[in-house]
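Please see the structure below; I have some questions.
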Amino acid sequence: MIRFGVIGAGRIGKVHSATIAANPKAKLVYIADAMPKAAEELAGKHGAKVASIDEIMQAKDVDAVLVGSPTGFHAEQIQAASKAGKAIMCEKPVSLSVQQIHDTLKVVEKNKSTLMIGFNRRFDPNFAELESRIRKGAIGAVELVTVISRDPAPPPAEYVKGSGGLFRDMMIHDFDMARFLMGEEFVVVHALGSALVDKAIGQAGDVDTAAVQMQTASGRIAVITNSRRATYGYDQRIEVHGAQGMLSARNVHTTTVEFHGADGTLSDPIQNFFLERYSEAYANELNSFIVAVETGNRDPRPNGFDGLQAQRLADAATTSWQTGKPEVVL
Amino acid sequence: MIRFGVIGAGRIGKVHSATIAANPKAKLVYIADAMPKAAEELAGKHGAKVASIDEIMQAKDVDAVLVGSPTGFHAEQIQAASKAGKAIMCEKPVSLSVQQIHDTLKVVEKNKSTLMIGFNRRFDPNFAELESRIRKGAIGAVELVTVISRDPAPPPAEYVKGSGGLFRDMMIHDFDMARFLMGEEFVVVHALGSALVDKAIGQAGDVDTAAVQMQTASGRIAVITNSRRATYGYDQRIEVHGAQGMLSARNVHTTTVEFHGADGTLSDPIQNFFLERYSEAYANELNSFIVAVETGNRDPRPNGFDGLQAQRLADAATTSWQTGKPEVVL
Amino acid sequence: MIRFGVIGAGRIGKVHSATIAANPKAKLVYIADAMPKAAEELAGKHGAKVASIDEIMQAKDVDAVLVGSPTGFHAEQIQAASKAGKAIMCEKPVSLSVQQIHDTLKVVEKNKSTLMIGFNRRFDPNFAELESRIRKGAIGAVELVTVISRDPAPPPAEYVKGSGGLFRDMMIHDFDMARFLMGEEFVVVHALGSALVDKAIGQAGDVDTAAVQMQTASGRIAVITNSRRATYGYDQRIEVHGAQGMLSARNVHTTTVEFHGADGTLSDPIQNFFLERYSEAYANELNSFIVAVETGNRDPRPNGFDGLQAQRLADAATTSWQTGKPEVVL
Amino acid sequence: MIRFGVIGAGRIGKVHSATIAANPKAKLVYIADAMPKAAEELAGKHGAKVASIDEIMQAKDVDAVLVGSPTGFHAEQIQAASKAGKAIMCEKPVSLSVQQIHDTLKVVEKNKSTLMIGFNRRFDPNFAELESRIRKGAIGAVELVTVISRDPAPPPAEYVKGSGGLFRDMMIHDFDMARFLMGEEFVVVHALGSALVDKAIGQAGDVDTAAVQMQTASGRIAVITNSRRATYGYDQRIEVHGAQGMLSARNVHTTTVEFHGADGTLSDPIQNFFLERYSEAYANELNSFIVAVETGNRDPRPNGFDGLQAQRLADAATTSWQTGKPEVVL
């Protein structure tokens, strides 16, 4: 039984708390949040206790800390938890500063802590199956990875300002997915971006529509497209073209019901956003972390290095978009 | 080069005339119709000549007669063409009278004529491929055949009165398809029918919605459902369940375009009716007949016996519907 | 919080026990089984206590009894629980004897008990959505219901002998589904059946391949096909053809992954059997029962009458198959 | 009746000759080829005469010249035909030299000739329907165009050497398609390419796997991916993401037959290569040209400017790939 302290009672903290509460191998013990009321409400719902971050770090009945606070606090909380001897599961990104990630990983390494980064999509049953088949050789050598990732609706421009920008806030998931599927690091990154959906996003210095193409040292290519607004729902698809075939994973529709009328055949909508689309992924992710902690596996995937590399690609894409030139990532 | 005389310048006569004109191995020489104007128009379109039925039968520059006249004339015209030494392709059904079909086939046999019946769906590339795979053993022994066949809109009640009824007029195609796929004769037929679409059809003594289930001597089962009205177009699907798998053939959509919106994914409509859906089937059918004539194959499929058996099933279904009891067909 | 006593620790008892344990509004208190070891194991897994059936009936800390015993015990246990003032959820079928069902429903009515029958497929999200749209008028008047239901592999002939036969054991789910979707009772039933999959099933006096067509008083038609063996998995599909369109619900595949190779596009397999395919349905079903108990709704659906009618159709189909004649059900 | 002289009896010349022969509004009069035997064979097949290029240009019974010669001859033959007062349909590309295209278009303009360029994919019924819906506003403003285009098997390295490279030889079709769908010119082009499929292609100075992303002045983005080898056939797909929805066009399978087995559902293969996939497109393309000639429309689409712009994008992509930097196209 792994006993958790959760830091952050916001949207993602709620997701993880519910997942912990439902997992028979986990126990939700403490919840911390800068907003006492949010912490109390969430703790009450799952029979947990409210605690300060320090209390969680010191608590003897906490084996693992789940870091679901705002991004700016991730690095220091990982470090504190590592020093306190806790296993750590941290939401992406580790930090918007690559230097800070480096520093954090050193602490984690020194303390031999178990650290896992919340790239939840790796645990989606569809994408996990796809990756598993690639590794088994189903399509031979991977040559071309295509990641399509679009949100149903744009966030407020206010949110965008503090987000680090689309490449670091949204596409970072896709950078991780491209690395996950390709199995080789990317060395060239070229990004295009525009504010086509909401002018206020452009005025805030960000984009809402973007494309990135990347190449590995051996010449393999990945293409990512993002939009902050897809009227048809949360578009999450992947294609991997290899020497011996192609694997694809389609969107998930809410049901299999189809209406057949004079206009054609109309499926049900696709699942609208990440809480619905990736609910199983969150449960699998947590379970994978728990198994790592239980078995003493100090290097579960995605690990801190995965967090670092995704951030470096996001930084490179941001710079490429700003300068109009490809960036080299070595 | 096979030289054709076409009897009948109506809807189906036009289809066949155009198909003959487009086939490089065929030549459309004469067209006959009780309505001189219809014959002239069609002949003019394809550079053919108008002739009487007798003239076609006697013409030395006619190798094959295509019988596309109203059903009531099929039997006598087949017999006349057979006696005149012509190859014959005749639209379904041969006759509404099983006895008349027997008599006609005797004449055809005596004269060693080539006779093919226009069950065009056997030549649809999708259904032909499906049948071909069954024969190659793709699903092992056939156990359960499902034929779904629905028209986009009901005919006028007037038409229905002279049609022989849904089972003989519409479902006869599906009886042929079930025999084609099953590869064993049916011995029990049970039919249900209702006039749900148009009460006038019921008042005319016919049904517009029907289901038939049939069984072979070895216990294999086929199920056919018909409706005279499918708002979503011309629904033509088949499923064959076997000991080692299932084969299915879906509807054909007008294009592969899909619209993705908040309501779901909307395909293009399915092809609306038989001229569109089976255009390739008509061309393949004619070509198959031409090859038979050219190579002296006097028994192309579907042959006169196929025409006879489909008619017997249609009769049995009609009786079953009327009596409420299963019919035995031996 | 609804407190449950579960009778039966076999396959279906395990499913329901796990579902109860996972539902935040339910508590699993007691488990009874003729095999003490099975009861102990299941109770241990979920922190419940082992009890005799009588103890469960008398227990003050039991609000609802879940009847998951062999079919032969259902009726008496429903009656006992009803007399003891418990709410009852009973697996299908209520009984193989229509008379016994009548007697049981009288007891339930007299005691004003809440009784729900375990036709779990009504709670499958796909079929539930389909039915909901029919009721909202999405396709106008229902004219033709098609239920396709095939198991992945046949049961042992031994099982078949005590099962009541395919129509009562397997197709009973489909009879319920046809009634659920049609919204009108069937008055004519005609069944065909064969032992094509396993001769031992035929020798045991049963069939493994069957088709049933039924008609309502107003002429609407339903067609059901069953096979005890589908090499491609647990085939569970529905189509409803109406005056204004068609609704269909397809099979559920294990993932959305597709492999594209020279042979074509290969999807993942469909979910293999009912525990996987209907896991969400079982949870929804239990929840629906709990809501009924909590809100004092004494007539949740599917109710005892639904259990009765499905059994009557199953009996009629069995007789029709045996006599070769349609049966009238009034 | 438009009378054609065809220059080139190679693969594409054969396609166009057959299309002309089958079109009731066209007559194939002359065929010219540097290889007399090829010209004779093709002419014989369609009842046409062999002629020299000069003879075709001078022939009074030629209304239109179809230029299907090797690329190096296109420009001069267009000019000669234009000067001779013929309408011209020319295979893509007009020339590998942008300057030569400019010169050629001046001649065409001076002589007020009808010139159409053979970007056949615009006439594919699926892509044409997709574009038509965009123009009707089905998805609002276009934001992101994705073109997936992959050949079944790579050409010999020998062919590659004289082809102008993948971007000019293969992706030029996709540049045209991106322009066709976007409806706005691209100003930035960035290309990545690798020789992953066949090292000999790399040694010949070309690539076989490539991605290009482009942006318009208003910020809209297009992404193209190419591979010279797709084991699963000729992969030709398009997606257009707009402010109000997404439109997509999928691959075309050879039939609708699906096999359902333990491994999943296996569709038929996709159509293997361009002659099969675009046979209808070639017929529609020719017909569109004939209608333009008949109606005196001197500016059918795709016109010479379309040929010029696609070539400029191909040149820019080639340079971008070589320099590793984005190219500006103004």
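Residue numbering begins at 1 within each chain, and the chains themselves are lettered A, B, C and D in the order written.
Just so we're on the same page, a contact is a pair of C-beta atoms (placed from the backbone, for glycine too) under 8 Å apart; a residue touches a chain by one contact, two chains touch by 3 or more.
These numbers were taken from a predicted model, which means no experiment stands behind them.
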- Query: Given the two chain pairs A-B and B-C, which is bridged by the higher number of C-beta pairs in contact?
  - Reply: B-C
- Message: With centres defined by CA atoms only, which chain is the most remote from subunit A?
- Response: B
- Message: How many angstrom lie between the centres of subunit B and subunit C, each centre taken as the mean Cα position?
- Response: 41
- Query: So how far apart, in whole Å, are subunit A and subunit B when each is placed at the average of its C-alpha atoms?
  - Reply: 58
- What parts of subunit B, by residue number, touch at least two of the other chains? 230-232, 235, 244-246, 260-261, 268
- Linking chains that touch, what shape results: line, ring, star, complete or other? complete
- Residues of subunit D that touch subunit C when the two form their complex: 230-233, 235, 253, 260-270
- subunit C to subunit A touching residues, read off their complex: 22, 125-126, 129-130, 133, 138-139, 244-252, 254-261, 268
- Task: Spell out the part of subunit D that touches subunit A in their complex, as residue ranges.
- Result: 141, 143-144, 146, 148, 150, 188, 190, 192, 194-197, 209-215, 218-221, 223, 225, 227, 229-232, 235, 241, 243-246, 324-326
